[in-house]
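Read from first to last, the chains carry the letters A, B, C, D and E; within each, the first residue is number 1.
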Amino acid sequence: MEYTVGNIAPIFLAPVLAFIINAFFGRKLPRQGDWLATLSIFVSFVFSARIFSDFVFGKFATDFFIHKTFTWFDLSYGTYIWKVDMGIYIDNMSAIMLLMVSGVATLIHLFSTWYMEHDEKHGRFFIFLPLFTSAMLGLVLSDNLFSLFIFWEIMGFCSYSLIGIYNKKEKAGDASLKAFMTTRVGDVFLLLGIVALWMVIGSVAYVDIYAAIAEGKFTGQAVLGMSFATFTAICIFLGAMGKSAQFPLHVWLPDAMMGPTPGSALIHAATMVTAGVWVSLRMYPLMVLGDITWFIAVIGAITAFGAATIATVQTDIKAVLAYSTLSQLGYMIMGVGVGSYNAAFMHVITHAFFKACLFLSAGSIIHSVHEQEMPKLGGLRKYLPYTHFAMMACTLAIAGIPFFSGFVSKDRILGDALYYGFMAGQNPLLAIVPILGFAGAGLTAFYMFRMMFLTFYGENRTHAHHDDHGHATHGLAKPAHGHDDHHHEIHHEHLDLRSNVPLLILSVFTLGFWFCGTVTGQEFGKVFGKKTEWFKVLVEAPKVERFVNHAREPFGGIDLRDKTELPHAHYHHQSGYAGPNPDDHKLHSAHTIGALASIVIAFSGVFLAFLMYIQHTLKPWATKLPGLTTLLQNKYYFDNFYIDIIIKKGLLGLNRGLAWFDLGVYDRFAVDGWASVNRVLFKSSKWFDNVVVDAIGVDGTGVAVNLFNLVLRILQSGKIQFYFIMLIMVLASYIWTVNI
Amino acid sequence: MTPANFDGLMPVVIFMGLAVALFVGGHFASVLLAPKKPSHLKSTPYECGEQPVGSAWSMFNVRFYVVGLIFIIFDVESVLMFPVAAIFRELNDMGHGGYALIVFLSFISILIEGIAYCWKKGDLDWVKSFQVSTKNNK
Amino acid sequence: MMGLASYLIISLILFVIGITVMIARKNIVAILLGIELVLNAAALNFVAYSRFATNNLDGHIFSLFIIVVAAAEAAVGLAIVIRFFQIKETIHVDEATTLRN
Amino acid sequence: MNQTVVSYLSQYEFYDVLLAAFGKNEGLLAFAIYLLGGVIIVGLCATIGGLGTFAERKISADIQQRLGPNRVGPYGILQFLADGVKMMTKEDVMPFTADKMLFYLAPMLALVGVFATLAVLPFSSGLMMADLNVGIFYLIAISSLVGVSVFLGGYASNSKWSMLGGMRGASQIISYEIPVTISILAVTLLAGGMSFGTIMSHQRGLPTNWFIFHNPFAFIAGFVYFIGALAETNRAPFDLPEAESELVSGYHTEYTGMRFGFFALAEYIEVFVVCGVGAALFLGGSNLPFDISFDIIPLQLLEVVIFMSKALALYYVVIWIRWTFPRLRVDQLMAICWKYLTPIAIFNLIGCAVWVVVFNGKSIAELIFGH
Amino acid sequence: MFAQFLFISSALLTLGGAVAVLVTKNIMHSCIYLLASLIGIAGLYATLGADFVAVTQIMVYVGGVVILMLFAVMLTGGKDFVSRAQNLLGLAPSMGNRWTFSVGILVALVFLATNIKLILNVSKSIPAKTFGNEFPSTVNQIGHLLVKEHVLAFELSSVLLLGALVGAAIIARPRKQ
């Protein structure tokens, strides 16, 4: 097979072209160029499908990959190698991911042409959507962390634009800013990690990093008291946490639902958020070397469980889906952490299909009913039969019901987590990982079915509440559509290429056997025999040794290994488990136990929801545990913590309590001269009395926050001259220490 | 193109020096020849015989800055165009005339965009000036 | 006497004076003056290296573009200063506190 | 730096004699020659500037059917000397509110900016002081000191008239620098170099080789240059900075005595310089007709005469225009610069570039009459 | 001989102007001293044989930047502003006081020491070239570099300037009240 740049690049370039044309001439095109965007993604899909079929259907050996590079810039001198190569790297994982991204994106574009049809932001939406998709495809095609970072930032920008697309709404603007700022925290760390790797290895290509790991280049380096591998791994994982919305940095994702629903489907469900998982998977050997997999697993578990609990009390249909996305992302990250490399990646794929479908279904509901508060929905089954069908399939999948894709992937992650937590001889405290994982799985089944029951079953409540609340009460994105006088009438759904065929196509891929070839994902009950276990066969953690002295192809050249020379597929079964010292017997039993347990848990979750929302024999939580509900409804007060405590209270408190310090000592210290150390000492006793004692007496946490802020405040004074002094000082100290 | 001598720069410096010398000499002559009878009224700024009110250092229009701004951008662009213009004929003789023309024209076209923008936005109209009174000098 | 080191020293002194101006002054226009000095010091270094260390004129090109960028920077920077003055009626750099907190 | 007066003279025998007299020190000899030449040129130009004031008054008198100055010397021709003496003996008054340093500095900057341009002015092919490789570019650059001096003069006086005149003057000078520069850019493009030597060598022979007749674009460019140069030197009809009916006397309202004299001197010399540059760039400069190539010193002097006559003819046109056309309004001034001259200049530049590529750099005459 | 004279006088003009920028209290005078310093740098370029860069320096700075700065000073009153911000040391004048100067000079000394170390290393490592009293023309070479190797930077600088023009015009344009 001859792979030239010419038949790979269109995957990335076609949407870029669509973006450029739409950005400059979109207004002049018919339908504001939405067909162009859709077509461009379809072109990507066709080219991706070709690669996928080559990689999956046995043309290549399982460890085959394409790697084409060119030198972008080279700062090497002497024995130091500092260069950045740009290039394309496609292995099995990339091939699968490319197909998934382009396929899902095609369907979402198709759906959007219907959904956004009468929206005022139609044109702008179709400017950013192809750019976004191209950035994601480019990220998957990247062969190095640097170009990954570029595409990462382009996606950040696009997501900012798409969240805030209704820029007249203050909430949308706030949400977009929040998403931008929160992910930026992670991005800074990611960049730090990339630069650190670059400084030590001299290159940021994946293959070079793998080779460096195999050659032991990381040993003996230490940064900030930790080994270099740990440092870079943590930095990169923090970046992944920002993008994949993991626990402390998760606050942006639920707010990101301000954008149009198909945009949410593409960005915040199917593709962008998986970029963090993607980089974690790519850098898995580094994570292992840095010994931070336990940290990854814990973060993932906390996110998976915490988000699930919040989702149980949300009433907005998109909020439920948002938190379920968070929760599922937690599972993926947890999968990476517990060494379930294969299943984590499979969950990325399966989740993309069913979550995209869920969001599109939600979009379909919102578009039809103009309502997204679940208490005001209900009984929509007979109006929206196709949507109901698709959404039910996806709900079954995400809830982990056997025979559906979610079961396959999640169950494998949970099985590996079980092994990791209880049987692998790890720290006993890590047992919290599988416990939280299973609890989250049960909650997932519960809240998803709660959503289904409230939306599609029971009596129709859409008319009852209409007069009190207009359809714009909640400020979330709804298409400006139709006339006010009949917007409460629900039209019966017809089969339509753009509105519900995408849903049905996506729902087909909620079936489990596409991904595992077995109905349950376990060793029993195979449908197509061993050879179709393609997922397990193709995806495995990178084996770093084979990248030592790896020869790369020139960028413009043709793959020299033509058809005849290519080794034919020699599939060999592998467990997909990349964690610590797999003990096959225990692993197997963990998987069996996990499968059974998750089936039981999932069904009990469904049953609970059934009792609460169909039979009404159980009262919902909200009435029973008001305190807990309030806590959950306020999302564990995370937003409040960030906004009220850190931002408002901290700074205002500092302004009040330490005003003199800020204006006096700091100003003098930083800008006006280090003149009055004496005076500081003199004043410090007063400061101690007034601030420390009072504050500890009155409000301990406030002081803690204040002290934390004090440091930040000195560094973040906004005084440009102080920044400049710092710059000079750091530069000078660097030059003195590095001894150039 | 022959290697030239630094001494060729001498006239530039000499002429500047002559200017300074003339200035100083003229001043010196003036000091020697001119009468000196200073008085306060004589050294009042001229305002047609009225008492000057306030300092003159406060009246201006932000238009002046905009003109300066457009000027400096064009100035810098023409600076960059000079070496290219100087070798344009040479390139043409070497057979790269079309390439040079494309480079040159694309550069100028962006320059034209700049002036078209300013024209459209009314920055080139003096009268349209909105007379922003800059309150200052408290 | 007219060696590389003397140019480097001159440029360094210029740079240091520019830094001092940037730090010591509170007037935004004065800070811009300091920036101009710093940029010129850098450009001088480029040309000096171009003569003494390399055989091509890339250093000249570099300093040309430094001059270009400095002009653009001055244009935009001074526009910001003027706008700032129209809003705040001062050009004291410590008054630029809107983005604080 | 192709040709200087020193390198020109060094081909003659008396140069070696001089060199021996200076103890074989070429640098010192060069300095002496340059200094001598500089003094001569400055004296010449100062005289021309002074005579300019006289000519202005005399010509205006002719145009207005008056007599003009006629007391000092024959036809009043020594009037300018009398003016100079008067200025030197006038009391030097400075407003007490003025910024003293800048008040002193402003006329000096004007003088420096104008005199420095004289260094590259091509009086003849051999006797020009220095033929810098960046000649014309240097000339544009250094003459922008005049703009600074106008602004400073207006600012330092701390008088409202001066301030307004200074601001107007500075913005007018910098504005009109753009069409002038772009027109010169067109000439640079046609000549393939920035040095005056290169530019002149392309205009040898008959007047059909002059750049103003090179192609239609260059023809227009010549006029754009001339109009822009009028404005750059604050000449009527662009004399708004010193519009006496509006601003008393503009930026030099507060200047008296010798300092006013310096401003006036700088202004008149600058007019001469722009006329000389116009002659050199567009009108063939000091080239003798028919491409005479004997290289003897009298011919050089003849070249000087030719150059001077072209420059002074332009000078006459400048004065003529002043007393013929009414003054523009300030908005018309800016509109003419930015809305007419600059786009036309850019159009000319593009036209010249295309012409060079299409017709391979040949002039219209070459195309018609062949070679 | 003349080259040395040019070098010394340019260096003195440069450094003297820079020092004057530093010590003078009047912003308008600072601008004029900056002008002197920049002309001095143009002289230094000339001694390095960089005639085109030298003239560019004069053209852009003297003709453009300094005039723009003078305009800006005029438009902002040219007065010595005093911060209204509360400050234990009283009000810091806009042209600085002894505290700001002491900090600035301290930082500058740190930087100076650091860079002298660097320069000592550098000047050892670069072989000394000797030059005669001559330099070739740079205009044509710069032209060729601009249209060949650096053509992208050449075109992009045009875009940069367009951006600066549009941006600054938007910022500075007088608003209709």
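The rule is simple: contacts are C-beta pairs under 8 Å (C-beta built on N, C-alpha and C of every residue); 3 or more make two chains touch, one makes a residue touch a chain.
Computed from a predicted model, the values in this text were never measured in an experiment.
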item	value
Chains touching both subunit A and subunit B, listed by label	C, E
Shortest chain-hopping distance from subunit A out to subunit E	1
Taking each chain's C-alpha mean as its centre, the one farthest from subunit C	A
Which of B-C and D-E has more C-beta pairs touching across its chains	D-E
Centre-most chain [mean C-alpha coordinates]	C
Farthest-lying chain, centroid of Cα atoms versus that of subunit D	A
Geometric centre distance via CA averages, subunit D-subunit B, whole Å	15
Separation of subunit C from subunit E, taking each centre as the mean of its C-alpha atoms, in whole Å	5
Inter-chain centre distance, subunit A versus subunit C - centres from mean C-alpha coordinates, in Å	43
Centroid distance [mean C-alpha coordinates] between subunit D and subunit A, Å	69
Per-residue multi-chain contacts in subunit B, two or more chains	1, 4-5, 7, 9-10, 57, 60, 62, 64-65, 68-73, 75-76, 79-80, 82, 86-87, 90, 100, 111, 118, 132, 134, 136
Shared-contact residues (touching 2 or more other chains) in subunit D	1, 27, 30-31, 132-133, 137-138, 155, 167, 170, 174, 177, 193-194
Where subunit A touches two or more other chains, by residue	671, 725, 728
Interchain pairs in contact, sorted by label	A-C, A-E, B-C, B-D, B-E, C-E, D-E
Sites on subunit B touched by subunit E in the complex	1, 3-7, 9-10, 13, 57-58, 60-66, 68-73, 75-77, 79-80, 82-84, 86-87, 90-91, 99-100, 103, 106-107, 110-111, 113-114, 117-118, 121, 123, 129-132, 134, 136-137
Residues of subunit B touching subunit D in the complex	1-2, 4-5, 7-12, 14-16, 18-20, 22-23, 26-27, 29-31, 33-38, 40, 42-48, 52, 55-57, 59-60, 64, 67-68, 70-71, 74-75, 78, 81-82, 85-90, 92-93, 97-98, 100-101, 104-105, 108, 111-112, 115, 118-119, 124-127
Interface residues, subunit E side, partner subunit B - complex	2-3, 6, 9, 46-47, 52, 56, 59-60, 63-65, 67-68, 71-72, 74-79, 133-137, 139-140, 142-144, 146-147, 151, 154-155, 157-159, 161-162, 164-166, 168-169, 172-177
Residues of subunit A touching subunit E in the complex	660, 663-665, 667-668, 670-676, 679, 725, 728-729, 731-732, 735-736, 740
List of subunit B residues in touch with subunit C within their complex	62, 65, 69, 72-73, 75-76, 79-80, 132, 134-136, 138
